[in-house]
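Next up, some structures in structure tokens.
Each of the two complexes below includes chain A, the first together with chain B, the second together with chain C.
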Partner chain A sequence: MIEIRDLSRTYGSGSNKAHVLHGIDMNIERGAFTAVLGKNGCGKSTLVRHINAILKPQRGSVRVDGMDTKDPRRLYDIREKAGIVFQDPDSQSVAATVEDDTAFAPENLGLSEDEISERVEAALRAAGIAELRKKSISELSGGQKQLTAVAGIIAMRPDYMIFDESTSMLDPLARSRVLECVMRLKRELDVSVIWITHYMDEAAAADRVVIINDGKIAADGTPEEVFSDIELIERCGLELPPCAQLCVMLKNAGYDVPRLALNAHDCALLISGMTAAAVKEREGAS
Partner chain B sequence: MLRDITIGRYVERSSVLHSLDARSKIIGALLCSVLTLSCGSLLSMAAIAALTAAAAIVSRIPFNYILKGIKPIRWFVLFTAAVSIISADGEPIWQYGALRISAEGISAAALTSARLLLFVTSASLLTLTTPPVVLTDGFARLMRPLRRLRVPTDDIAMIISITLRSIPAFADEAERIMKAQRARGADLSRGGLITRARAVIPVAIPLFISVFRRADELSLAMDSRCYGKGTRTPRKKTHFGRNDLYCLIIMILFCGFLAIIEFYN
Partner chain C sequence: MIELRNVSYSYRTISGSTAALENISAVLPSNKVTAVIGRTGSGKSTLMELIGGITAPDSGTVTVNGLDAGKCGSSIGFVFQYPEHQLFAETVYDDIACGPSNLGIRGDELEARVTEAAELTHIGKRLLRLAPFELSGGQKRLAALAGILAMKPSVLLLDEPAAGLDPSGRRLVFSIIRSLVSGAEDMTVVFVTHSMEDAAEHADEILVLNGGRKAAFGTPSRIFTDEKLLSGCGLGLPETVKLQKELYALGLDPGEMLDVPSAFGSVCEMLGRCGVSPKPKGNV
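Then we have the complex of A and B:
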């Protein structure tokens, strides 16, 4: 479990001092898919960089499976447990080929050559890019580059995977491929996923949604709970997932919408249910 | 044009040059660079050019691809050649006012151009035939004796490898920025020297910002993948084999051959 207690951080000093995080308290359970939302500069990336011990808490504490991120002796154990995939697919690769880049983390861990080869093979298969192993990274598409970064993290065998707006620079098809891959990894490898995003439809697929606003937690709950508070969503500079927006539009147009649908499948079920009820009502009336 | 840069790019091929130990190739490239800079006769340059061409053929990388790497420096080569021609002494074979061309000037221009071209080609051949991780391992192993003096050899090797690999990436970035500036009406290819120098500023500043941002992101990505934990175990290790021995013997014999040429010139 990741335990974050009273986490605060400021950047700059004097009149330029900016409070990025204010006393954040939260736990992230093993096996959960947690989406973190918030407008630009609200402190999402700063928060997750504390989990990976890239940043050390100025106040408060962050513990990953009981290990304090301030403890320098546990630094690499924490980084091995909680890997991050960053935003820009072009700035994360260290090696020239997919296979070599995937091997970078196991090489850093000082594993034996056999163990490295085994982990690279498993990571490439898990990320679904085994056929690209010999390809030069410069020849890959943005989505394939991000999947290579994912494989590079899987090769560390982490328990927590953090995605810091990792789909924001991808086209819709590549975005859905990366998200599908992450969902599959969560299911098959039982890793916890912490997913920072600006796409509400991605957040709707999570088990839990946390909204950060002005360095504080503004909402924390299931997607249904969080997205049902439309006023809060707007106040935090966000918007509802597209399907939920459609439900709100239908409601405003006078239709009897019983609840918000957060994804296309749920939306289809809701509308077909509403249509069936309307047909039944008309038949009853005639 | 900047996209044509070949230094730092790696091209996968099954060739003798690709299979050589990275240390042999690094020593070979370094020797080649030292020889091109130190030899003073055109005959020596022709010999180095022949050796470089032989290495290019053995690498099985298309000749056109290797020559493309020279394209970005062609103006620089022409400029240095022109300076060499004008500034050389000797009996003029053509004169127009203060401008005069002598046989010595033409010879000096040919020598300077050959030096630049061979220097870039040998460095390109090293990176074109060696994956960055193997190159890092090669540099680290060559510098291993310095560890006793507490020199961080692994880090230095990683820096050299990343620097070489970043050259084409930054060339691509510069090309992108130039296209973006041109799309907004910037004219980067007209005017006098000062106008052109001024036109570089809108390209240089975003390029520097991009370079620092990328360096910062790469260092974060490396940190988060446990770089610095301890001694790395490179997955791909090349071994010093018979071909490497032949390669070194050829280089030593070649150095001797050049020494004889230089002595009699």
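Then we have the complex of A and C:
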């Protein structure tokens, strides 16, 4: 479990001093898919960078499976347990080819050669870039570089996988493929996923949604709970998933919308239910 | 106006050459917003570099307002995929001023341009004093856009302008884009996106690339009603079009719904046809 207690951080000094995180308290259990939302500059990235000890708490504490991120002797163990993929893949490409880059993390874990090649093969296939394995990183498009970075963490198989807008440059199919793969790892290996995103439809598929606003936790619950508080969503500079927006517009127009639908399938069932209820009402009246 | 005529381009590497674009022809109109969509690695960014005159095609021609793209200089503004790659000055103010300053603009005119661009992109005075690396990812994107707008280009190219932006930032970027093409001056905007929702809602024309070739070019309503085309290109449907299909499968026909506002109109009409009426306000 990741335990974050009273975590605070400031950047800058004097008149430019800004509180980026302000007394954050939260636990992240094994096997959960947690989406982290918030407007730009709200502190999402700063928060997750504390989990694998890239940043150390200025105040408060972060523990990963009981290990304090401020303890320099546990740094290696913590980073083995919690891996992060950044938004800009150029900031974390280390090797010359796709294959070597994907193998970098498992090699550093001291695994056997067979185990490394099995993991690299599976990760490249999972990310859908097996055919790019011999390509030089410099020949890749922005999205292909992101997929290489994602393959790297999949091959590493840490207990806590942190994705900091790591699929922002991907086409919808590549994005859903990465998401499916991560969900599968979560189910099969009990991996915990922390997924920072600006795509509300991705957040709607999570087990838990945490909204950070001005360095504080503004909401924490299931997608249904969090997206039901429309006022809060707007106050935090976010928006509802498209189908939920439609539900709200229909409700505001005076339609009897029984609940908020977060995806197309559920929304279609809801609208179809509204038409069926009207038919029933008419039949009852006649 | 941007004219692409039989444009081809290959990347040369140690292992040989890789075709990135093959025989692309299209006319991207002025005072319109064109979105370029396609799978990861389909050639979108390469096409933008050719339009921006950064790279010359191996064959074919790229002309911008009648001139060869390579000779257009500062009349083409380019906001790259990673905005931090184009921020380098000591403060955000200096960074925005850098482009117009290189064009020889000084004094009050320079200050006016920086102020105007900062206001347009909602960059406040506090941010102008900060170093670019102190900005968040989204703020960097807006600062990079401000720097380009301060040069007053007649063609604006944006590679993934909304990636990494929160919903309010995304709405801001697209409202800036819309205001630019709605103004009196001649302006052509082309943006690359992976968001089908953004393409459906904010583009007038859509160019679909698949494996370096032009797969289609047309209005959002033509592109997003052609599911065969989209799935053939490995692209998805906007969420509201998925809803339209789901409703159709349940025996309901709402008509076209490309984005949330049009979905609302279509669903209201359909509900009316099905005898579902809204209750008077106050009973909600």
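Brief remarks on what is shown
Keep this in mind: the second predicted complex is superposed on the first by the 249 of 286 C-alpha atoms of A that agree within 3 Å, B and C clash if a C-alpha of one lies under 4 Å from a C-alpha of the other, contacts with A are read in each partner's own complex, and residues count from 1 in each chain.
In the analysis below, contacts are C-beta pairs under 8 Å (C-beta built on N, C-alpha and C of every residue); 3 or more make two chains touch, one makes a residue touch a chain.
Only a predicted model underlies this, so the values are computations on that prediction, with no experimental measurement involved.
After superposition on chain A, the partners chain B and chain C are seen to clash. By the document's definition of touching, neither partner reaches A:230: not chain B, not chain C.
Contacts of A:113 after superposition on the shared chain: chain B is touched, whereas chain C is not.
Contacts of A:265 after superposition: chain C is touched, whereas chain B is not reached. Residue contacts after overlaying the shared chain place A:254 against chain C, while chain B stays out of touching range.
Of the two partner chains placed around the shared chain by superposition, neither chain B nor chain C is touched by A:32. By the document's definition of touching, neither partner reaches A:1: not chain B, not chain C. When the two complexes are overlaid on their common chain A, residue A:76 makes contact with chain B while staying clear of chain C. Applying the stated contact rule after C-alpha superposition, one finds that A:130 touches neither chain B nor chain C. In the superposition on chain A, A:183 makes contact with neither chain B nor chain C. With both complexes placed on chain A, chain A has more residues touched by C than by the other of chain B and chain C.
For the superposition on chain A, the stretches of chain B under consideration are 182-190, 218-226, 236-244 or 254-262; the one running into chain C is 182-190. Note: residues 87-88, 90, 136 of chain A belong to the chain B contact set and to the chain C contact set alike, using the contact criterion stated above.
Residue ranges of chain B in contact with chain A, taken from their complex: 9-10, 12, 131-133, 162, 165, 168-169, 213-214, 217-218, 220-237. Chain A meets chain C in the complex at residues 11-12, 16, 38-41, 45, 87-88, 90, 136, 139-144, 146-147, 165, 168-176, 198, 200-201, 237-239, 241-243, 245-246, 249-256, 263-265, 267-269, 271-272, 274-275, 277-279, 282.
By the touch criterion given at the top, residues 49, 52, 54, 76, 79-80, 83-84, 86-88, 90-92, 94-97, 100, 103-113, 116-117, 120, 134, 136, 138, 149, 152-153, 156 of chain A touch chain B in their complex. Chain contact summary for the complex, chain C toward chain A: residues 11, 13-14, 18, 38-41, 44-45, 81-82, 84, 126, 129-130, 134-139, 160, 163-170, 194-197, 234-236, 238-240, 242-243, 245-247, 249-252, 259-260, 263-264, 267-268, 271, 274-276, 278-281, 283-284.
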